[in-house]
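In what follows, subunit A forms one complex with subunit B and a second complex with subunit C.
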Partner chain A sequence: MTRWVAAVGGAALVIAAWGVALVTPDDAAAEQPFVVPVEVGDAGEGRNLAVTITGVRAADAATIDGWVATGPWLIVDLEAAAVESESGALLSHATLSIDGRTFRASERPPDSLFRSALSVGVPRSGSIAFELPEAALGDDVAVLSLGLSEDPRLDSVIELHLEPRRLDRVEEAELVSSGWAR
Partner chain B sequence: MPKRRFRWVRAAADRLPTKWIAGIGTGVFLAAAAAFGGLETVEAASLPRLDAGEEHRNEQLAVTVQRAVLIDALPEAGVTVEPGERVLALIVDAENLWDEPLPTTRGYSLSSTVALADHPEAEPGAVARYDDMTANPWLQPGVPATIVLAWAVPADRHAAGDDVRVVLNDETLFTGTAVISGRYWDDPRPAAVVTVDITDVGAGVDAAEPDPGTVDE
Partner chain C sequence: MTMDAVRGRRRWWRRNALPLAGVAVLLPATFGVIGWNEWNDYFSGKPTQPVVAPAGASVEFEGAVWGPAEKAVVDPGAELDVPAGSQVVLVAVPVDPGADVASCLPPTLREITGARREWQPVSFEIGWAPSSEQFGSCAGTGTDPFTITVAFLVPLDATGPFAVELVSPEALPRFTRLLVEP
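Now for the complex of A and B:
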């Protein structure tokens, strides 16, 4: 046992400590939402939310029930149901993240599934709409996140990755009226 | 042991009557205060002055006060008036320059950053979009919107042709700790003053309803 053994051992411990510090998750990691990734057309089920995204559209203007507004808009058509309980089962969390910016589903359309009540087992169908700046619709990556609580931490969220640039842009798109899916 | 070269200080201090020290101190303070403009409030004078249509930008928002309207009632925007009151409405172009959506409810974004200079504590009684009258709209990042901010005011406070001075505040971004999570803007500080002419539209048919031809710009 000589001094160099102690020196090498000490250095190894310092490097190991550095490695541990690097891989330690930050405080926020403990309360991250549980992500359920889905594709368009697939059903995704979280703790109390089952969602099937049936389509994603881009349009210059959105309309429903006589309301018209120029955007551009990104419209998501979906079917959503609660799984366990109808208590507090509102589709309250709907965000779209593009290039570091987070957009919230618009509260402007008079009829939308955003913040609407869901039933257990019987899906509701309808749309949610995102009002975006022009640049956001030309981006390659967007992440749609849907959940029941406005604060999505520690609950499951349904997540869809999409490419806004690839969407066919129409002049005017009508939101799907909210109703029973079948 | 005091240094030799400071000995004169001691000698001078011994000759100075103690009573004079307070007098000299007060004189120095007053001279310094006078040199910096006396005891007057300087903040209001140093704020940039803007006219209607000029934009004020900060890290959170770009705000342009377009016009001010005095109207008998504006229930579409969600403001209620008592007898003897009228509605003072500001039409404001706003764009969220931050990377998260901003609510406009009491205490947030436009509600706390746009204030009347003469009554800075009074937040707007109602905030609504100009085009479709959505109440308390969210401002999405990078999406400009025209917003109506409405206050119920005593009917005799303003008259047509008067100016109203509007203070635009800058806020600071805070990151929540302990029981508060996320990031939020707070601590409004006056950053600019906009002077706007008031238009009296009386019962105001055309100002109360959104132009049917315009949707959001």
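Now for the complex of A and C:
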């Protein structure tokens, strides 16, 4: 009787340990960013970043102030402001993840909100452009992630799920020049 | 449980009273010392200990006299690019450096209640250029008294009370906080 109880007890503990090992999050989970999901047109506010994505466009060529470059491009129009402090408040993290690949916003446009300084409580408007391979624009799911620090861990990121395939592709799209939103 | 077992257990506690007391003291002390050390290191490199001057008063700090800080809302007129829903606040801080050249970074403006938001000086963002005699920080000043004049772009929902904060890197974690009239 005692041996039987011990055997069952031991087996139960092994199964419990296995279960605990299964549900234990990995090391990276402890430093994941705090995700604020948004839809186009909605305002999303994180720790020190408030963003309203006003539009997403796809184009063969992007242009601003006489600068033209063929892509293809995915262009995100947005309004962004800091929330509590202007110290280090640059929109330094802007990535688009499609099918396991992560693309960073392009530094090529002479004027974009990528890596620009934000003001507390006074939003700035502009665009961020992603230069993508042709196949990526045909994909179903893409995740846009915006944050202040280039390393987004342990800070808020504003996240938008979008469908690149559903976007109306135009020949040429002009980026919104950066400026005060109002 | 027999009386002998109870007595034996009591005896164990009594026999190990000294080591148990040691654990009871040393365990919290270990956490306390390590915690204090780490937080002290963290806070000593940041402006965490304000030397406060009330509104309309000056304060002596690091051998110099700072303040009184004055604040004025600027009429944007046609030449300043001030977005709707915000205003430009001009702040002047007279400084008497005393015997040595004063040291300070550009000041910041902080709401001292509510969200405690913090703004950094603006100039070209709003199309304002300080004149060559207007100092934005202690850089380039001598031992003669001078005035730091900076502009902040503040949303209209920020109603104060405000303080101007000046950091001298070598005096950290102490810094000056000059209150201004709302």
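As a working rule, the second predicted complex is superposed on the first by the 181 of 182 C-alpha atoms of A that agree within 3 Å, B and C clash if a C-alpha of one lies under 4 Å from a C-alpha of the other, contacts with A are read in each partner's own complex, and residues count from 1 in each chain.
Going forward, contacts are C-beta pairs under 8 Å (C-beta built on N, C-alpha and C of every residue); 3 or more make two chains touch, one makes a residue touch a chain.
Computed from a predicted model, the values in this text were never measured in an experiment.
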item: Three-chain arrangement built on subunit A, subunit B and subunit C clash or fit; value: fit
item: Which of subunit B and subunit C A:177 touches, first, second, both or neither; value: neither
item: Partner chain in contact with A:32 - subunit B first, subunit C second, else both or neither; value: neither
item: Contacts of A:84 with subunit B and subunit C, given as first, second, both or neither; value: second
item: Vertex subunit A angle, Cα centres of subunit C and subunit B, expressed to the nearest 10 degrees; value: 100
item: Contacts of A:120 with subunit B and subunit C, given as first, second, both or neither; value: second
item: Distance in angstrom between the closest Cα atoms of subunit C and subunit B, superposition on A; value: 17
item: Residues on subunit A lying within both footprints (that of subunit B and that of subunit C); value: none
item: For the subunit C and subunit A complex, residues of the former touching the latter; value: 81-86, 108, 115-120, 122, 125, 153-155, 157-158
item: In the complex, subunit B residues that touch subunit A; value: 99-101, 129, 131-132, 134, 137-138, 140-143, 181, 215-217
item: Touching residues on subunit A, where the partner in the complex is subunit B; value: 61, 67-70, 100-104, 106-108, 130-133, 135-136, 151, 153
item: Residue numbers on subunit A that touch subunit C, as the complex places them; value: 83-87, 117, 119-122, 179-182
